[in-house]
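Residue numbering begins at 1 within each chain, and the chains themselves are lettered A, B, C and D in the order written.
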């Protein structure tokens, strides 16, 4: 399988303090890669460097072999890379449907057609499908700000899939979501992964969630890659246990 | 959303009705609306003008008004903004006025004197900019010297009185100062007097150190200062501080009692020309000044006198022609001379020429220990 | 629900249009002049509402653009150019300058942006006042002609009012279309959460510049209509005061509400009239009113209306104000 | 040369005032995200408190000064915070900006309507004598202004750095949440900054009014330049505000004398724009980490 995402020796330091110290890995088409690690192990920084929110100090990031290091987030997204954020990031004053249409519109047509063309950029059907898929039909016309936390979390994820991305980076999708909805979310992700052939990278604290969702797992500690492999292998790996529970 | 539109609709209607209702006049009164700068940069002049008008109107109404009709005067604020002044004058005209009083800023006057002309309503303005009376508008009347009239006087004084060969020019870069500056420069050129340095200052400027330094380094025979009251005072203080020796010459404002009060000792020695001011040693004007202070407890400037005399002039001419006839009023006033004997409220003998410009005696004065002292009385230009 | 709302909306809209068209026949020239002024100021405020209310970029430069527009129109038409051309040039010029002024907005936010734009306004004022060769300086430009539109002379107050009203109509339709188009959606995304917007492929840089340019262009259009309305312009009306005033209009009406500027401009233009009886005190009262409004309902008059008529929608911060909290 | 000294001293005096006003401005911003567009009017008003106390209260000048200070602390400090800032702060920055703009209008119109529309003379605090240094005539007043302003700001610096309260205030400014957890009475600290600001503007007011005269519109330019000084110097730095203030004061005079009087007002603005674009943290300011 070819690598959708390649990270080579990525380093990022804030004023001398190294947050990510030379991380390299590959993500293959169709896999669900989990990245775990204790707090401050550099997961989010790694994410933000890959996604152009932060400038890496050194190293390289490639999508389909094409270097994208330091590319603007919006251009990256147009290449089919989308993400969710650790903290909720929906548009509270827009309705659920509007949120979804927004998530897709910049992938449709030109600036001109987005001004003069159809108001929904032809995305209403797609948005409705997404709404049904994530069971948000009851609140489709509510302002996103008025949704429950869990619902907003779903919307957040749904937006990430709206443009039919090839690679989705999910930053703690399970954070603060109740168990039933969690199972639900896991199912949705699996389905999309299977159906759309979308590739996922998931940062997560919730071990159970990661183990049950991911096909392969990387373990980060103090900005370095200390282990990787299948969920079961990682679970048993002493270095991982040490990293988490110290000694 | 509909409610929003609803709200808007209602308020538009409300306002429409209101505007329609506005400016209805009772029969046995004469409507003399006053449109003047009550806020913004012109507020000080405008307030003086308004109170001068108020004083005159109340006096006349106490004596039974004009031809037995009570004078009704509404004061509206141009916010020192030509756009608003046009609105307010339009409103005044909608009320079918006998005359219009104000405004003072020549920018505003230029906007709306056209409207008054179209409506054939005489307008008595406090503006001093030269070009206002050049347009051949038969309905515009000044209430004080235009700059084209006062600047030659000060220019002659600088040439003959001060005997200066060169002069430093300090002016405030606004509607009032720029016009004065241009006229003054022209008169200087005409008399072959060199303007060695030409300094524009900001209205509201507080720190004049740099300007005075420039004046000093220009070492001219005299300094002509043409700024508003408080800027004049600040400049005088700084000039005194840096020890400028050459005579400081002013036109009316610089010798104004307000400036003297603000500048303190620094004002002593200032000389210049005084067109109209509450400080000239004319019994009638001093009497007016006392009345004014008694009523409004602050000391009037020349704008107060402008407003006051304008109302009295209108009264006099109207009773002279014996009816309320705007055209006739305008016609009669052109070339008319009103003396205090005919109309005490005119304070000083005043002549309006065919352009609506004014002619009066004026004064050369000097500030001696905190008081304005008249050194010479200049005759009317006409004579 | 939507159909019923749309219907009543349409009816209300028609009612308002009817009022606006009928108004001048019941009014004296003064009232007509005020309504024309209202129409012009509304256009300027709509521009600011686009930049501030929708795209969340605070700007104190709107007065400068009204000024640039007014002077462009005044200079060209007094030189004998046809109004239509001068009008388009004003808009184009302001669009271009607004685009450039947008660049600081890419670098700085909140009060920093406020002060950059504020500085810009003051600079433009100084140029208008000092560059006499171009603008006739403090003397101002008088005798600005009112246009003939396809043989229809708009010289008379009522005719010119209808001209302004027509322009307001066009601008309203255009802006209405814009804010409901994907562009408008992108603007709001920009306002509420630029980072997230970028991660969804929204080119925040481009949309920010567009928002500034369009808002400024509307300012220019307002100016180009203002000059022939007053038929005289000098630099004083285009100083910082107007920028603040326009800002107040947008906020008082309801920032981020499409019809906010209409209401805000109405209040600001007619208030002196309504408060005539208070003699000199109306500015005091206006100021007090604004402070009270900000304390109790920062979403402006339309925010209050929403609160009254749709209790369901508990009005919290108006859209434009909420923006900053998520911004980087 | 003498001209230069002349200009420098005058510029420094004006700049010292800007600094006083700018410092208060930055304090408010740091502790309560208040951008006070009425700061200029805040400098204009205390002088009128004093004048009113003399005119209506018949108080002697020293007494009037005291009353003026108290009034300033109450009105511009406590009331400003309680009535204007507190109800609005939760709405974010913009509504507060708007209402301080309205407040500025309110104060100006209030003074104009209820005291006087024209400039008022203000008694000098000390003899208005001049001294001559290398040929340049320097007003004692200017030196006093510079001295007092610097002293006041130095005292403030010391207070913030050395006293317990001062450090608590800084903690509040940097991280209110943490400060609260640490048991600092954040509300009170914020109130203190408002009182300090009121004190500073009152001081500035009595320092300049004898020279600049008291007028309702005096705040317009002053407030603006103070903002610019604060931003140019560094918004998150007291010493930045000082540097900015002095720099602008001197620059203004030099430009007026040697470049252009017509555009003297433009120079601070260019400086402002340049700083904001190329060094947003200000000349002396610390860069603030801005990331996701």
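Basically, a contact is a pair of C-beta atoms (placed from the backbone, for glycine too) under 8 Å apart; a residue touches a chain by one contact, two chains touch by 3 or more.
Note that the structure is predicted; figures quoted are calculated from it, not measured.
**Student:** If you apply the touch rule, which chains end up adjacent to both chain B and chain D?
**Tutor:** C
**Student:** Per-chain C-alpha centres versus the global one: which chain is nearest?
**Tutor:** The chain sitting closest to the overall C-alpha centre is C.
**Student:** Farthest chain from chain B, going by mean C-alpha coordinates, please.
**Tutor:** Farthest by centroid: A.
**Student:** I'd like the Å distance between the centres of chain B and chain C, where a centre is the mean of that chain's Cα atoms.
**Tutor:** 35
**Student:** Take the average of all CA coordinates in chain C, do the same for chain D, and state the distance between these two points in whole angstrom.
**Tutor:** 32
**Student:** Nearest whole angstrom, what separates the Cα centre of chain A from the Cα centre of chain D?
**Tutor:** Taking the mean C-alpha position of each chain, the two centres sit 49 Å apart.
**Student:** Taking the mean of the CA coordinates per chain, how far is chain A from chain C in Å?
**Tutor:** Roughly 41 Å separates the two chain centres.
**Student:** Going by the contact rule already set, what residues in chain C reach two or more other chains?
**Tutor:** Residue numbers touching two or more other chains: 130, 195, 280, 283, 322.
**Student:** Considering chain D alone, which of its residues make contact with at least two other chains?
**Tutor:** 109, 262, 265, 291-292
**Student:** Where in chain A do residues touch two or more of the other chains?
**Tutor:** 53, 85
**Student:** Residue numbers of chain B touching chain C in their complex, please.
**Tutor:** Listed in rising order, the residues are 1-9, 11-13, 15-16, 18-20, 22-23, 38-41, 75-77, 79-84, 86-87, 90-91, 93-94, 107, 110-111, 114, 131, 173-175, 178-179.
**Student:** Quick one: which bits of chain C touch chain B in the complex? Just the residue numbers, please.
**Tutor:** Residues of chain C touching chain B: 5, 8-9, 11-13, 15-16, 19-20, 23, 26-31, 33-35, 37, 129-130, 137-140, 142, 226, 229-234, 236-237, 241, 254, 257-259, 262-263, 266, 270, 272-274, 276, 279-280, 283, 301-302, 305-306, 308-309.
**Student:** Mind pulling up the chain C residues that touch chain A in the complex?
**Tutor:** 178, 180-183, 185-186, 188-189, 192-193, 195-206, 319, 322, 326
**Student:** Can you name the residues of chain A that touch chain C in the complex?
**Tutor:** By the definition above, chain A touches chain C via 51, 53, 72-74, 77-78, 82-83, 85, 89-94, 98, 101-103, 105-107, 111, 114-117, 119, 121, 159, 162-163.
**Student:** Spell out the part of chain D that touches chain C in their complex, as residue ranges.
**Tutor:** The touching residues are 29, 35, 84, 87-88, 91-99, 101-103, 105-106, 109-110, 113, 224, 227-228, 231, 262-263, 265-266, 269-270, 272-273, 276-277, 280, 290-292.
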